[in-house]
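Labels run A, B, C and D following the written order; every chain starts at residue 1.
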Amino acid sequence: MEGIAIMTSGGDAAGMNPAIKCAVDYARSKGLKPFLVYDGLRGLIDGKIVEAKREDVSGIMYRGGTVLRSSRSKRFFEYKYREQAYKHLQERNINKLIVIGGDGSFRALNDLYNDFKIPFAGIPATIDNDIAGTDYCLGVDTAMNVIREAVDSIRDTANSFNRGFVIETMGRHCGYLAMASALTSGAEICLVPEIEYDLDSIQERLRVEIEEGRNFLIAIVAEGCNMGDYLTRWINETLNMDARLTVLGHIQRGGSPTVRDRLMAYKFAVNAVDSLLDGGTNDIMVYKGGSFGGIPIHDVAGKKPKMDQTMLDLCTPLSR
Amino acid sequence: MEGIAIMTSGGDAAGMNPAIKCAVDYARSKGLKPFLVYDGLRGLIDGKIVEAKREDVSGIMYRGGTVLRSSRSKRFFEYKYREQAYKHLQERNINKLIVIGGDGSFRALNDLYNDFKIPFAGIPATIDNDIAGTDYCLGVDTAMNVIREAVDSIRDTANSFNRGFVIETMGRHCGYLAMASALTSGAEICLVPEIEYDLDSIQERLRVEIEEGRNFLIAIVAEGCNMGDYLTRWINETLNMDARLTVLGHIQRGGSPTVRDRLMAYKFAVNAVDSLLDGGTNDIMVYKGGSFGGIPIHDVAGKKPKMDQTMLDLCTPLSR
Amino acid sequence: MEGIAIMTSGGDAAGMNPAIKCAVDYARSKGLKPFLVYDGLRGLIDGKIVEAKREDVSGIMYRGGTVLRSSRSKRFFEYKYREQAYKHLQERNINKLIVIGGDGSFRALNDLYNDFKIPFAGIPATIDNDIAGTDYCLGVDTAMNVIREAVDSIRDTANSFNRGFVIETMGRHCGYLAMASALTSGAEICLVPEIEYDLDSIQERLRVEIEEGRNFLIAIVAEGCNMGDYLTRWINETLNMDARLTVLGHIQRGGSPTVRDRLMAYKFAVNAVDSLLDGGTNDIMVYKGGSFGGIPIHDVAGKKPKMDQTMLDLCTPLSR
Amino acid sequence: MEGIAIMTSGGDAAGMNPAIKCAVDYARSKGLKPFLVYDGLRGLIDGKIVEAKREDVSGIMYRGGTVLRSSRSKRFFEYKYREQAYKHLQERNINKLIVIGGDGSFRALNDLYNDFKIPFAGIPATIDNDIAGTDYCLGVDTAMNVIREAVDSIRDTANSFNRGFVIETMGRHCGYLAMASALTSGAEICLVPEIEYDLDSIQERLRVEIEEGRNFLIAIVAEGCNMGDYLTRWINETLNMDARLTVLGHIQRGGSPTVRDRLMAYKFAVNAVDSLLDGGTNDIMVYKGGSFGGIPIHDVAGKKPKMDQTMLDLCTPLSR
């Protein structure tokens, strides 16, 4: 029986576990023999590759992170280590790979493909939602809901105390999490790398509201702006409102995957297996315009993702 | 200034409050004067219509249900009561309406439009996800996540106790909630009105698994099947496994709206206001193929919704 | 090294897993060799007893139910099966037992003690909070918080819809869960077996409130009253308010244990190990008047628990 | 009718709203006329004191923070402002006060009592759990459960990524939150001001575990230790494990109050009203040894709280 290996790589994101489970189950239902690669690229090199048993993936659907663990690996850039990985796969009769992760992981697997013609399918998973070609990456919905609960909770304190709160979200250079959170939490200020902000204009807008009775405010700042500390001081000094900064940090990556992340994981995984069975060699699964499909890695890797224009339009007033 | 009234009608669903808030804010930003109709159609007849103040919609984003309350009204079927409603609107210079609710509510407002040419825009909101023409209705994501937490929690007990659990979800004649929940919770059985099920085949499948060590099982049943009690007895008697029924009931309607329901609410509301400003008279806002738009009420009202084919395909093995 | 075995028995409750983990860790730190009994009394008879490895209890702290699984067993009432259990223990050099469960489980272990002088310590765990001699049983806090979220969520719907909701909680013949939930959710009616209720008086009280504007109500009913259906009809007919019944069911048993259940589990487990090391033979661990201790099983088994008087006083107005 | 005023003061904590609601309801049931003071001491000086209407406290039970808002006030240290506050109370025939807050707030009200003989009762509320004489302060249970969810979620990432996580909890100079969280989350390291820690010893302990296969670790640090940054670097450098710091911040103060915080609020509030009716003049309500009572403010204000010895014993191994 032909083997297919499933692995996770790069930063962890909720939704990886459901994707693993679905890929294993669906691959088996299609007559393939599923294997699990532990510890990401490092495990691929070191041969931590075992046949998937039912109990390995039972009950993982509702756990955050990845039971396969992840890692970063410099060795994989060297041919000899990729060759070693290839041999581990060959020994087990594995000639298909599914990698759940981000841009960098896709490129690593593509190097392996170029060297040894091991076809792979990529499933986008990163809470940053910054992979080109897809509207959605696994982990984003769970991260947004973790942020929502944090902001809803901080709002209680802000309101109780006549205070400003600056909340910094993850997302590296991408402002998606910050924008979605600002809109859905009714924040008064939102600063993201994609929108030019104007503090003078914000000051003018909020000065009026404060005169009319506003007694607290919430600002959401993307980490890519690096404005958390500055904005907190600015609110204190310019708006004359006691302000505090909360950096949400790693709680955003974890938590039990939401239904959306589980459903998307299911569909990404089915598409990835089907893509490989249909002869796909190095495609990345994407969700675009409401439907799923695969696109060549060259349209993804190193490309700049396009931000949802409606979101930009709706958020712009919060940056002015 | 031209008035626009916002109301909720029919069964309540999470996401109604964010839609109210966004409609009010966005309408105001477009130069309209927003009004709130309390108590649904009944309030429209009785003139419970007040101008929206900032504090009426402040902080409602994160509350379940609808602060405008809802109701059903037989009187609205009579011309004289619709005329009364029309007069209340006219007195306040309101000539646009946004109604957040289901199929029946849209038809009621269409009667008002036919009589008095008050244009309206409908925003689909029902946890049943059974409105034709749209892939998504407000409240569905929140309901699915409430079910998820319930099922994840019951699974702990099922596993601890070598037991079968039958969980009945809402959804009237639509199996969407049950299917999505079965897939994302890794259920072993799923019965919905849309798929012909085969208990003999299920028995055969599970008998094998039980022999191989399966010690518990989860079955998700849509209320439209009316199979909760029967299936529970069937598991007891046929599979010889102690089984219990849990009818999830009204907890599925409530809870703080998820980010997805807030984001969808935002976009539905913006589209509804824009549709009316663009001269729309009786359109229903829909989310289809990944984008938003309005379609004539005749393509919605009384039409049968089409179920996602992938979902049907993925769920079919759970009915056999 | 002397062995100590840990088992769970009876109905499952959140807090069992933390108690298992703490008992294993603490026993080991005291120089004992911990064993795990799987499948409760049945497993004791059938010898499903294995030495506890670190990975068996790693990460179980935050999972509901019991990883050791539980069961009920009629065989244990027969001497020959207890003898069989005894032999399994003897073979492994186990001469101490910790059983996490309820009254019936304690009595079963006491029979074993009477026959073969295997000392045991009992840790009370049941969401019913109905074990005599202790103010607290593991699982109660988690169950109450599950109920809280359900009621808070249903309240949104009740309020949106001018409706009455009757919510039936677990607890068998004990009204603790219902009383605590009624008080902490601001319910208008509470019916429990411990308080004589007066529907006429309730009708009079609520009639006045409804005239003054009350538009919804929440009633919490203990399952031991068997009044769910009746009260729902009564609200419909007598108060003329549309009413619905929600039976919370098994979601109350599950969920990740709250901090209180984890802390109590920790302290119960430490006390149980210490009790056995101090020569205790058949004591039940209790939390009473703010401190922990062990009391002889004869003061627990078959005794009627005493309900917190303040709670009764505070709840009585909700039954009149 | 005699008036009683209820206010919140100092840092906010979950449980304040339930305490407000219960104090209002219970005071009314005892024939008193309840008033609400908005904005804490500042509102007392400025006369923001209004009679409590039913709708003011309806539905607040399940909201975090305090609907009465809070503040700090330097003016209250001056006699003339206290005199002004006194006059506001006198005008409204208010001669009893309930203050929900911390040590500093109790002392402020005691100054008012010394000057004008306005009796008051204090209800301890602070997530720091650092008020002398009471085992419990409102807000602690909710804060602990917020931390629990954060840590459980971060553990997923830690485990997925072979990483160390240092999590800093609130609590000022008190390590209660950190200790309870470390125990109940199964952390490997816990640093609090109350326990002398030994990094060399920790290093030795973990080095062995890492050799045996430990691939991640969780450290909980009380903010009072000011060790977050240092420990993170230390793990990186000394244990050679990639480590990250998460400062939980203000999410710990908020969130819907847990059942325990609601129940404790209920009982504290009943006791406060009863204490004033029984002639208490400046007592602080405490929960000690499992029961409620009032103690003179001199046994509370400025006194050092005593930490639970069992907790210290259980946590000590995590500091070595």
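Here is the rule we go by: a residue touches a chain if its C-beta (ideal position, glycine included) is under 8 Å from a C-beta of that chain, and two chains touch if they have at least 3 such contacts.
Composition by chain, UniProt nomenclature: A, B, C, D = 6-phosphofructokinase.
If you're wondering where the values come from, they're calculated on a predicted model, not measured in any experiment.
A.B. asks: What is the set of chains touching both subunit A and subunit B?
C.D. replies: none
A.B. asks: What's the farthest chain from subunit C if centres are computed as the mean of the Cα atoms?
C.D. replies: Centroid comparison gives A as the farthest chain from subunit C.
A.B. asks: Taking all residue numbers at the subunit C/subunit D interface, are over half used by both copies (same) or under half (different)?
C.D. replies: Same: most residue numbers at the subunit C-subunit D interface appear in both copies.
A.B. asks: If you average the Cα atoms of subunit A and of subunit D to get two centres, how far apart are those centres in Å?
C.D. replies: Those two chain centres are 35 Å apart.
A.B. asks: Which integer distance in Å separates the CA centroid of subunit C from that of subunit D?
C.D. replies: 28
A.B. asks: Suppose each chain is reduced to the average of its Cα coordinates; what separation in Å results between subunit A and subunit C?
C.D. replies: 40
A.B. asks: Can you tell me which residues of subunit B touch two or more of the remaining chains?
C.D. replies: If we look for residues of subunit B contacting two or more partner chains, we find 152, 155, 159.
A.B. asks: For subunit C, which residues count as touching subunit D in their complex?
C.D. replies: Per the stated touch rule, the residues are 18, 21, 29, 58-59, 61-62, 135, 141, 144-145, 147-148, 152, 155, 159, 180-181, 183-186, 256, 258-260, 262-263, 266-267, 270, 288-291, 310, 314, 317.
A.B. asks: Mind listing the subunit A positions that touch subunit D in their complex?
C.D. replies: Those residues of subunit A that touch subunit D are 8, 12, 14, 16, 39, 63-67, 69-71, 146, 149-150, 152-157, 159-162, 165, 215, 244-247, 249-251, 253-255.
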